[in-house]
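Each remark here refers to the structure printed beneath this line.
Labels A, B and C are assigned to the chains in the order they are written; within every chain, residues are numbered from 1.
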Amino acid sequence: MPHIEIVGITKVYEQPAAPPIVALDGVDLTVEHDQFVSLVGPSGCGKSTLLHLVGGFISPSTGEIRIDGRPVTGPGPDRGIVFQNFALFPWLTVRGNVEYGLAEKGIPRRERRKVAQHFIDMVKLTGFEEVYPHRLSGGMQQRVALARMLACDPQILLMDEPFGALDAQTRLILQEELKEIWRQARKTVLFVTHDVREAVFLSQRVVVMTARPGRIKEIVDTDLPADAPRLAVDALAEDIWATLREEVLKAVVPGDRREQAP
Amino acid sequence: MTTIRFYLPLFLSLVAWQAAVTAGLAPAEMVPAPLAVFEGLWRLLRGGELLRHVGVSMYRQLAGFMLAAVIGTALGIGMARLEGVRLVFEPLLKLLYPLPKSALIPLLILWFGIGHNSKIFAIFLGCLLPVVLSVYNGSRGIPRWLVWSAQSLGTRPYRLLWKVYFPATLPDLLSGLRIGLALSFTLLVSSEFLIARAGLGFLIQSVGEMGDYAAMFAAILVVALIGFAADRLFVRLMARALRWQEP
Amino acid sequence: MHATPVLRRALGLGVLKRWASVIALFALWEGVCRARLVDPFLLPALSEVLRRGAGELWSGELVAFTALTLYRTLAAFVLAGAIGIAIGVSMSLSAPLRWFGEPVVSFAFPIPKIALMPIFVLWFGVFDLSKIVMTTVAAVVTVISATHLGTRHIDKYLLWSAQSLGTHRRALFWKIVIPAALPAILTGLQIALPMCLIVSIVTEMITGGRGLGGYMIYASRFAESDKVFLGIFLTALIGYVLTEGLAMARRRLLAWHPEETVMV
């Protein structure tokens, strides 16, 4: 049985005094266990919306999403999420943030500490346990968010442009680290990005979406061997970019106001 | 040390004031010099009278302030979270907003009489509005991804209130409370001036009526110092509670 | 989720529903009084208050009292505004003044300034002067602090741009500093105005005599609750008109400011 089944999903946003926005229109997608799948598309194509639907934060207008065959009815700790703006709890220290989900599960303090420390070490933030998020750089904050998600041991990782707000170098480093973490932990990952190279480098399948209303245009198999040269990644990224290009251009045609909608 | 240096001009003004009165530049019966005021303060302290009035006033202030803090927070979060609560209270608050709360003191005197309750209620009403409004605005502005993060980390709906809504609203709650704190002392003194048998406002007026202006200045000084100290203490506590915030 | 507001607006129920609780409160008030569930000395019926209001307005006394309160409020507001802006700006320009002024303002800001009223009565008597001085002192601290805050930290790029465009150093103040600080100064004035109204009314209550505050406190002593409510209504009305008027002035003065265009 596939891990995530997305069946006939449509998401329409009603607006007061304006035509409704069709964010997603008939999207079908299945993701197998332990697969790393990226969603790419022009901005406003509904890729984040799709992720939020899988997370159960919002509900679809039509269609159904099933996890291990059971329909999603709301958010839950089986699906962890990382956002572009980190969304750390600013009133908790690094340790507090990473321990948060464990505490909500009712895990006793000592055990919680141990698990949290493991993940803090894993994302290389040893020594920053008692620091509040505002003191950390963007890259470090995103590591905390990763650790916080992983500590909860979710089966599915939802990543909503997690590296979009970081500078180019930090991005590269975190991409490598994420790939390594995924290789060790073996989770199902749904990864939203607008960076095609990032998608190709990280994932086994890349889903290319159309400009709004979001539909799936193409699914590309990108499961390159671990030691594939950077050149191979670049070549594959070029191909996908060529497909994506016309969608991006479609989305930014002058006078087209779709860009301004939420 | 830096605090003392910062407030040095205030101490220097006291010295200048003393010098002016001693030199006969200002009439001592109208402008008691600092030394006379301290002597008046000592007289009030020695009889135990001052402490009794401070106690009465502080009881009223704390009761009204705490009541406003608790009810205001509950109401503010309730209005932000529950449509029904908002529909009932938003218009009432809008109606109450432009009214200076001190204008209610005559009514409260009529209703609650001369004792504690009229003052406590005036302070409560005065502090309530800034608290409710800041909590309401604060908890409406909580970013949804914070709530989503908490949910995806397994937070149950009823715990969201305590784990996310309350801490995320805390900065707004505290700044609303600080406005309320300053207001509470103004309302306290105003209502004690108007009608009371005890309390600092009453003390200021009664020694004034007896013509003991040194003691009157002393009692006013005490009120000012309490208001100032309360604000400083609150700012300290606030900085501690919000140390996670960006400076 | 978004369908309900649309529907509600279409049916025109919005206004009614928005004020439903206030209407209900007034109805309850009237009903409770009509049913004689409360002592009319404590709570007169709403209709009674309005009838009293109409009568008092004809007699002219209340109008005179209201005008007197307004006069004190506005006199103190103008004084506090002029003095406060002058001091606030001077503090930003002169280091010695800042050295003296900052601790004074920081001490004066949180203290209940109304406690000084007996001193002003001692010095200036119980009539207009003590009330206006008290009100000015209470409000001026806010204006000083807002003006100082606004003029103290002007974006240096703004100053550099102006200078590179040929503004003389001495003209910078009027050309750049004041316009840039205007939002902060106006905010200070907007806090000061209702404060002037409050303090004026309280000083009138304390010294008794004419004015809305005196009117209410006498009414309270003689248990004329309808007059007390009338005073409260009038105070709220004046407060509303004054704050709205100043908010309108702000919108005109700050038409260039992004904050204002978002609001309208």
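Here is the rule we use: a contact is a pair of C-beta atoms (placed from the backbone, for glycine too) under 8 Å apart; a residue touches a chain by one contact, two chains touch by 3 or more.
Please read these numbers as outputs of a predicted model, since none were measured by experiment.
Student: Which pair wins on C-beta contacts, A-B or B-C?
Tutor: B-C
Student: Looking at CA centres, what chain is most distant from chain B?
Tutor: A
Student: Which whole number of Å gives the spacing of the CA centres of chain A and chain C?
Tutor: 51
Student: I'd like to verify one number: the distance from the centre of chain A to the centre of chain B, where each centre is the average of its C-alpha atoms, in whole angstrom.
Tutor: 48
Student: Measuring from the mean C-alpha position of chain B to the mean C-alpha position of chain C, what distance in angstrom results?
Tutor: 19
Student: Would you mind writing out the residues of chain B in touch with chain C in their complex?
Tutor: 6-10, 13, 30, 87-92, 95, 98-107, 109-111, 181-182, 185-186, 188-190, 193-194, 200-201, 204-205, 208, 213, 216-217, 220, 223-225, 227-228, 230-232
Student: Report the residues of chain C in contact with chain B in the complex, numbered from low to high.
Tutor: Touching chain B from chain C are residues 17-22, 25, 41-42, 99-100, 102-104, 106-107, 109-119, 122-123, 194, 197-198, 201-202, 205-206, 212-213, 216-217, 219-220, 223, 225, 228-229, 231-232, 235-236, 239-240, 243.
Student: Inside the complex, what are the residues of chain A that reach chain B?
Tutor: Those in contact with chain B are residues 52, 55-57, 74-77, 79-81, 83, 85, 87-93, 100-101, 104-105, 132-134, 148-149, 152, 154, 158.
Student: Please name which positions on chain B make contact with chain A in the complex.
Tutor: 143-146, 148-156, 159, 163-164, 167-168, 170, 243-246
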